[in-house]
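Take a look at these structures.
Shared chain: chain A. Partners: chain B in the first complex, chain C in the second.
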Partner chain A sequence: MYVAVKGGEQAIANAHRWLADRRRGDRERDALSVAQLAEQMNLAVDRVMAEASLYDPELAALALKQASGDLVEAVFLLRAYRTTLPRLAETVALDTGAMRLERRVSATYKDVPGGQVLGPTYDYTHRLLDFLQLADGEVPEPARAEQALEACPPILEQLDAEGLIERETDDGAEPYDITRDPPDFPVDRATRLQMLARGDEGYLLALGYSTQRGYGRNHPFAGEIRIGTLEVEIAVEECEAPVCIGEIALSECQMINQFAGSRDRAPQFTRGYGLAFGRNERKTMAMALVDRALRAEELGEPVQGPAQQPEFVLAHADSVEASGFVSHLKLPHYVDFQSELELLRRLRSAHGQPDGAEDSRETVDDGGKKKEPAVEQDTNESEQVSP
Partner chain B sequence: MNGYNFAYLDEQTKRMIRRGLLKAVAIPGYQVPFGGREMPMPYGWGTGGMQLTASILGEDDVLKVIDQGADDTTNAVSIRAFFERVAGVETTTATAEADVIQTRHRIPETPLSADQILVFQVPIPEPLRFIEPSEEETRVMHALEEYGVMHVKLYEDIARHGHIATTYAYPVKVDGRYVTDPSPIPKFDNPKLHMSEALMLFGAGREKRLYAIPPHTRVESLDFEDHPFEIQAWDEPCALCGARDSFLDEVITDDVGGRMFVCSDTDYCQRRQEEVA
Partner chain C sequence: MKQTPLPQTQTQTQTQAQRQRLLALTPCERLEEGWAELALPVTHRCVRGPETGMAMVRGRMGGTGNAFNLGEMTLSRASVTLDDGAALGHGWVAGRDHRHAELIALVDACAHRPEWAERIDAELMAPLARELDAAREQASRTAAATRVDFFTMVRSE
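Right after this comes the complex of A and B.
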């Protein structure tokens, strides 16, 4: 006799215990400390902070630990915590020109005031596995300059006396807050940038890449990339000057893109902008490409690629939303499926005799199709030989 | 629970959502944008419904949570446990004893009463979405009551299959004005929306939209004169309680094609079995 399945509660509790055990792993080994993660997995921590829209390296490292290193899960944990926090104050707008720089490169100007600074980058490392790290080899101290780099204003403002590059000006408008109000398409650029800033890095990277390969091409140059730390200030009623409440690390990318001009505007270089918490250079470059691509309509360019369609790009950028909705397919859908079963049976019974004939033809088709994968396999093999 | 407000959301957020709900009740079937918050459960798993439930729940309310009509499916268990934890409210599986019922994909078989509220979890609130993917466009279509495309879609079904091939999330027109997605309930449940005694609230967390069907509101399932709306029917009754008036799930009992049909509404089924016993 059939009895409906019960015991979901016990199953969930047991699943959580098993998960905790799996996360901890072999008890003979030391447990990872949150401080270790924050220090030694700092780029993962930075990505989690950027996509969760919460600057707190310790909590981001905790999220990373709790998620067993699953970045999307860690972003979700931190985001769900963020949403419970009260909003105590709003900071003064950050001036990235005042950044204490640790990295600053420009691909458009060879020599820039303040100089090009590589900083701690993976760029010119040879991607050879460093087996010394398997044996916990000693790491030498870095070379240190006599004094810290001085703050430099943005390169693009400094070096463009001719006005060939468009200037961004503050129109003083109160920015829309995507964490408090639902986005209302079409959204303005400031709102778009907020959405991109918390967008999934892999997604933005793929979209940015697509513009380089012709789906909405716009000839980008990396005008300036800067990474460093910046003081965050708030205005307090009793004090005349803003009060510093701490320091955060930021990455910023200013992309310069060709613009052929339109009836209303002379040809000019235009800009795409990327900004993220922490050291997130790849993210900010991708973000800048996508920001510029999304300006297609504003600049009167033809909209040809997915990266140029604001609703498409922005509605699908958030990894918390995307992973939630994809993963919900795991939930039971017995009822909808039952409804479809019933319909399918009805449609098939109405389909009648020619149905069988079509079925046999399908089998023939399948046989014919089988040849195609065989051809693909051949090419794969020849590719494998070449290296 | 320590460190969190009653029912998880802070009072300002609840107030914002309740304002949205008032607007939704005033304009039946209209999708009201609201500042949806992240919940500690994934989007797509009922965060919209949970935000509405959190906003309307009082300390004395009794809560019931169902998924696919059942109280004991894992996600229903999880959501019920969440509210027990963050709100400390009493919960029940008995439809008649609940003040607030949060549901996914079903309307209970037991008729609801005027002092009950049914909260639906909604994945895609926009009934026109799969015809027109752009939100900008669909908003204009709603404003202009431009619903012809929906009838064209249903007509194409008839032309291709001989009848309408939408079996769940079957579009309805609410109070003669807005075409609305009843959430992915089977069309079997659509008639229960019409002139309901209970207030019905719909929350879509990821899409940040909420809407309502107030009590005693006309709700018509879209159809044609020569192809009237019909609900699913089964040849056999529920194998456990013998009900002929409830939505039945198909249960596979062996690996040689054996199957039986049982009520998807577990509370309804159990109550009927008790009555017989």
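Right after this comes the complex of A and C.
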């Protein structure tokens, strides 16, 4: 029997009212403004934009405020907003070599044209709590050099010129878009990169780490990390040349990995690539590791670790999907659970019976069959209750 | 950065794409101010938008390879027509600021008149270009201050 149960309207309204109160906190203190969050929590804002797959710092900061700082919730809010907007254009593919850099480092060459530029990094800090922050100490202006940065050409082009690394060229292929058509495994590299770019940072970090610890052959060097801003152009009917619509902040990581070659092709370094909205260095490094690991089959390597399995990696990378399915477990499963209770009671009563060995096995088999309608009930029930 | 050279043969004024770029890179408040100072005697109406949607940002594998879809960004656009004529102008700008898109479109429409185009370039675009260059120079010098100077320790025994 299936019965739809309604109720809890008042409880839900009051719960949300309490939530708003909790979010606001002590009214004696100033409320956080979205502009403050966008500036002073900028790395959280960047992570929300990257994982929501929508670049808009103000909206990401709003989502962060509304979610009381819960990043996964904020990503969900921004992703949901995204669905309300029409797609007006596709941009000209970015030329990250033209980025206005604020950070650029290489772990493979000490002396590179343009030099090693640290930018505003947490690297080399001692990770000691800074109690001046607690006391709102004065912050000095940043130092400025006499001269602007020299040109910083992409470092991998140096290797590329020698043919030591696989060449990345554009054959003009139109990329698959997972926001238009759901991914159908196996998927090509463009699709994988789109999915990784919006993937949860913690998840990608763990998978990237696993490849370093031996679950998947990967021996990388951070060939180049670039963080900065880049002008974005779109092609429009009303103007002959592509038009620039503004600038976005980006992070890019080029990993150099060990060799691949064949009878016809001399061995070359291979590449893993990471690119993300905003200042997301850790994310792009992890993404580059996972991108390379997912190329195992293409490069004829044995698939040994979880990070090398595209369907496993990609189908679980999206925090909105993952948290949605995990969270659904807290929705009412009353009927479903009742059926399991009933089954368990029957199993237990059969358990004590004399010559029960065979009987109880039969009961288990019956139960196994009965499980199927129970699953169906689960689905119905979830649909009934979930928003 | 990426600047298309001025087409010297046709005209000395900037192209639509050049103005559009600079105006999109200028904060809206600054543009509003510059537009007010220009005080062109003009009224206009919007024929499309202003409206907000998204642009799909495309990256390239390895920086130079095939395109892939990185994610979307918000984008606003507007098209205006001047009330006294048929001149149509268009504007696009990252974000959700309708007024910014409308102002860009308005400048574009006005620039169709050669005498206004000259004033726009001299009195609006030129100072905006200088300000953008200065801000970028400043940012670049800040980054340059974090460039590592390597030195080698020599052990003498």
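The criterion applied here is as follows: the second predicted complex is superposed on the first by the 329 of 387 C-alpha atoms of A that agree within 3 Å, B and C clash if a C-alpha of one lies under 4 Å from a C-alpha of the other, contacts with A are read in each partner's own complex, and residues count from 1 in each chain.
Quick note on the criterion: a contact is a pair of C-beta atoms (placed from the backbone, for glycine too) under 8 Å apart; a residue touches a chain by one contact, two chains touch by 3 or more.
Quick caveat, the model's predicted, so the values are computed rather than measured.
Visitor: Of the two partner chains, chain B (first) and chain C (second), which one does A:T270 touch, if any: first, second, both, or neither?
Guide: After superposing on A, A:T270 lies clear of both chain B and chain C.
Visitor: Regarding the shared-chain residue A:S210, is it in contact with chain B (first), chain C (second), both, or neither?
Guide: The answer is neither, since A:S210 touches no partner chain.
Visitor: So, A:R82: does it touch chain B (first), chain C (second), both, or neither?
Guide: both
Visitor: If you stack the two complexes on chain A, which partner ends up touching A:S339: first (chain B), second (chain C), both, or neither?
Guide: A:S339 sits against chain B, while chain C stays out of touch.
Visitor: Which partner does A:T108 reach: the first (chain B), the second (chain C), both, or neither?
Guide: In the superposed model, A:T108 contacts neither chain B nor chain C.
Visitor: What's your read, chain B or chain C touching more residues of chain A?
Guide: C
Visitor: Which partner does A:E311 reach: the first (chain B), the second (chain C), both, or neither?
Guide: First partner only.
Visitor: Name the contact category of A:S251: first (chain B only), second (chain C only), both, or neither.
Guide: The answer is neither, since A:S251 touches no partner chain.
Visitor: Could you tell me if A:A93 is touching chain B, chain C, both of them or neither one (first, second, both, neither)?
Guide: It touches chain C, and chain B stays clear.
Visitor: Using the superposition on chain A described above, determine whether A:F185 touches chain B (first), chain C (second), both, or neither.
Guide: In the superposition, A:F185 contacts chain B only.
Visitor: Intersection of chain A residues contacting chain B with those contacting chain C?
Guide: 82, 86.
Visitor: Using the touch definition from the top, list the residues of chain A that touch chain C in their complex.
Guide: Residue positions touching the partner: 49-50, 53-56, 58-59, 82, 85-98, 100-103, 110-111, 115-121, 142-149, 154, 156, 168-179, 189-191, 193-194, 197-198, 231-234, 236, 238-248, 252, 254, 271, 273, 275-277.
Visitor: Enumerate the contact residues on chain C facing chain A in the complex.
Guide: 1-2, 4, 15-17, 20-21, 24-25, 52-75, 77, 79, 90, 92-96, 136-148, 150
Visitor: Taking the complex as given, what residues does chain B use to touch chain A?
Guide: Touch list, chain B to chain A: 4, 8, 10, 33-40, 42-45, 47, 67-70, 72-78, 81, 104-106, 123, 133-136, 161-163, 165, 167-169, 184-188, 206, 208-209, 232, 239-240, 247-251, 253, 260, 262, 264, 266, 269.
Visitor: What part of chain A is in contact with chain B in the complex they form?
Guide: So the residues of chain A in touch with chain B come to 2, 4-9, 11-12, 76, 79-80, 82-84, 86, 180-186, 311-312, 315, 320-321, 323-328, 331-336, 338-343, 346-347, 350.
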